[in-house]
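Below you will find the structure I want to go over with you.
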């Protein structure tokens, strides 16, 4: 049963990695990294169970902690970038949009 | 089962590395490097190296992402398109690839217990650890006792790197292009994200506790000074992210951080000098106590503490240097 | 197989299922917010099921304590990261794709 | 095919090494070069840890005083453990240099000869 769960987690890691590779926006990538981190924690817990070594769980705990810090670092980065853009751009211009906005056009949005 | 999982993880790692190197946007590259680091750490665990996996997770996935992002905030994140194909670089890569692949063909099978790697000194370490040190984590015993010189050297290297960073972008280093002051905005941290702030603040004491556990339980489970130092630094960095860097600097001022960075290395070297004075060799802990095993364990605990203090001090000093650069 | 084993196995399968659904959702959904929705909701339930299954297997031991610590930590931080991420995306001007936009896209 | 699978870790090592090497050699962006260096380092770490693996072995942390079990080799693990921390320190040093280059020259790629911006402090 646990092996089945491990397989499901591994497949999900692959899906999350695809999302991280595809983007398209920066937020998708962060989302993928966050998801990937959680899946790694789960996978390690399952591996610890299968290997029968409970001391591996320390690692899973460390991963959970570190993953959170990673996401917060990204948020802080977004905030800093926004501060910089507001500073650099002349007032009145739109700033701070995701710089890799979804490339597919959204038809009808402008016309209506 | 483990073999299949390991192969799967390695394939993902190759994919991630390719993606990270291909991406034009450096932010995407850094995110993929975070995933790459997690994958490598998981692979290390599957290869029976939990200590290394813990280090890679704390240092590679956590602190290095923070550092890379702070550097990106200072330098911009778009990579300019290459003007022409890099012929010389490509040629060099192709030649080296041929050589490396030729060499890999002769590698022994994975897991073969009769390779020279396994049959030389490594086999001695288990009986020696049992006899002289008597702690369950052989990695810690080898790290801190049998190869103590090596580790002292690494600690000095880490310290030197921090000195270099502080010279280059430390508080006293000259600032090139002055940008208008944004000190107030930039040092705010994530204060406006109330849920993040509350949960983060709840988490910090537990991370610190976990760091201490990793530090002082390192003889019995995966852990030790390097990992604990990185986790400790991560906890303080988390506070800095939540409340702004100046708040983190007010808990542990940068002056203290420098003392920590140098002091830890000094503790390590000091133990060596003490053993010299007591009539032993440099870093020969046996002379520290009447019972040689107790003396070894005592020596390991002290130098691991030194390592932890240095690593925490160095990583935090580097973080402050990068984060403060964006505020001026 | 005792009853505990059955419960734990079922939890493991459920957890694997939810985790997988979250992964597919994060890959197939049309924009950031829906992907966030798919991944974050299943993350919580999936972790709860899988770690719960492992805790049942481990019985009363130090391992259970560590698993509980991991679980509690994940239950706290995972929704918070999702919230913060969605918040950052919205504040930066990334518009959710409206249903009507999607419908219009479908039309030739 | 079987020989290939037996040495899979080493093949991955070679591929990762070359990915990192390519980025260091051929990419112009300095941060990309540093990332490439990280991948290169990770490949070396993988090589060491793979060499220390013993079939049927477990982590070299003795559980319950059972000293006679098969363990993987602790020595490569010790070397790599310290190397990871040294790796982040060198990465930080490299990033610091990149930040200074950006401040002095306003760019972080090594395409063409860098021009000093007027009014900027030259690095001392």
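A few remarks follow.
As written, the chains take the letters A, B, C and D, and residue 1 is the first residue of each chain.
Assume a contact is a pair of C-beta atoms (placed from the backbone, for glycine too) under 8 Å apart; a residue touches a chain by one contact, two chains touch by 3 or more.
Keep in mind it's a predicted model, so treat the numbers as computed, not measured.
Farthest chain from subunit B, judged by C-alpha centroids: C. No other pair of chains shares as many C-beta contacts as B-D.
Centroids built from CA atoms put subunit C at 13 Å from subunit A.
Inter-chain centre distance (subunit C to subunit D, centres taken as mean C-alpha positions): 32 Å. Centre to centre, using the average C-alpha position, subunit A and subunit B are separated by 22 Å. Subunit B and subunit C have centres, each the mean of its CA atoms, that are 30 Å apart. In subunit B, the residues that touch at least two other chains are 50, 72, 190, 193, 196, 200, 203, 206, 221-222. Of all residues in subunit D, those touching 2 or more other chains are 58-59, 61, 63, listed in ascending order. Shared interface positions of subunit A, i.e. residues touching 2 or more other chains, are given as 6, 13-14, 30, 32, 51, 55-56, 58, 61, 65, 67-68, 72, 75, 79. Interchain contacts (touch definition given at top) occur between A-B, A-C, A-D, B-C, B-D.
The touching residues of subunit B, counted against subunit A in their complex, run 1-2, 5, 8-9, 12, 15-16, 19, 25, 27-28, 31-32, 34-35, 38-39, 41-42, 45-46, 50, 53-54, 57-58, 61-62, 65-66, 69-70, 72-73, 179-180, 182, 185-186, 188-190, 193, 196, 200, 203, 206-207, 210, 213-214, 221-223, 227, 231, 234, 237-238, 241-242, 326. Subunit A makes touch with subunit D in their complex at residues 51, 53, 55-56. By the touch criterion given at the top, residues 6-7, 10-11, 13-14, 17-18, 20-21, 26, 29-30, 33, 36-37, 40, 43-44, 47-52, 55-56, 59-60, 63-64, 67-68, 71-72, 74-76, 79-80, 82-83, 86, 88-90, 92-93, 96-97, 100-101, 104, 107, 109-113, 115, 117-118, 121-122, 125-126, 130, 136-139, 142-143, 147, 150-151, 154, 157-158, 161-162, 164-165, 168-169, 173-177, 220-222, 224, 226, 230, 311, 314-315, 318, 321-322, 325 of subunit B touch subunit D in their complex. The touching residues of subunit D, when paired with subunit A in their complex, are 58-59, 61, 63. Interface of subunit A with subunit B (complex): residues 3, 6, 10, 13-14, 17, 20-21, 23, 26, 29-30, 32-33, 36-37, 40, 43-44, 47, 50-51, 55-56, 58-59, 61-63, 65-70, 72-77, 79-81, 83-84, 87, 99-100.
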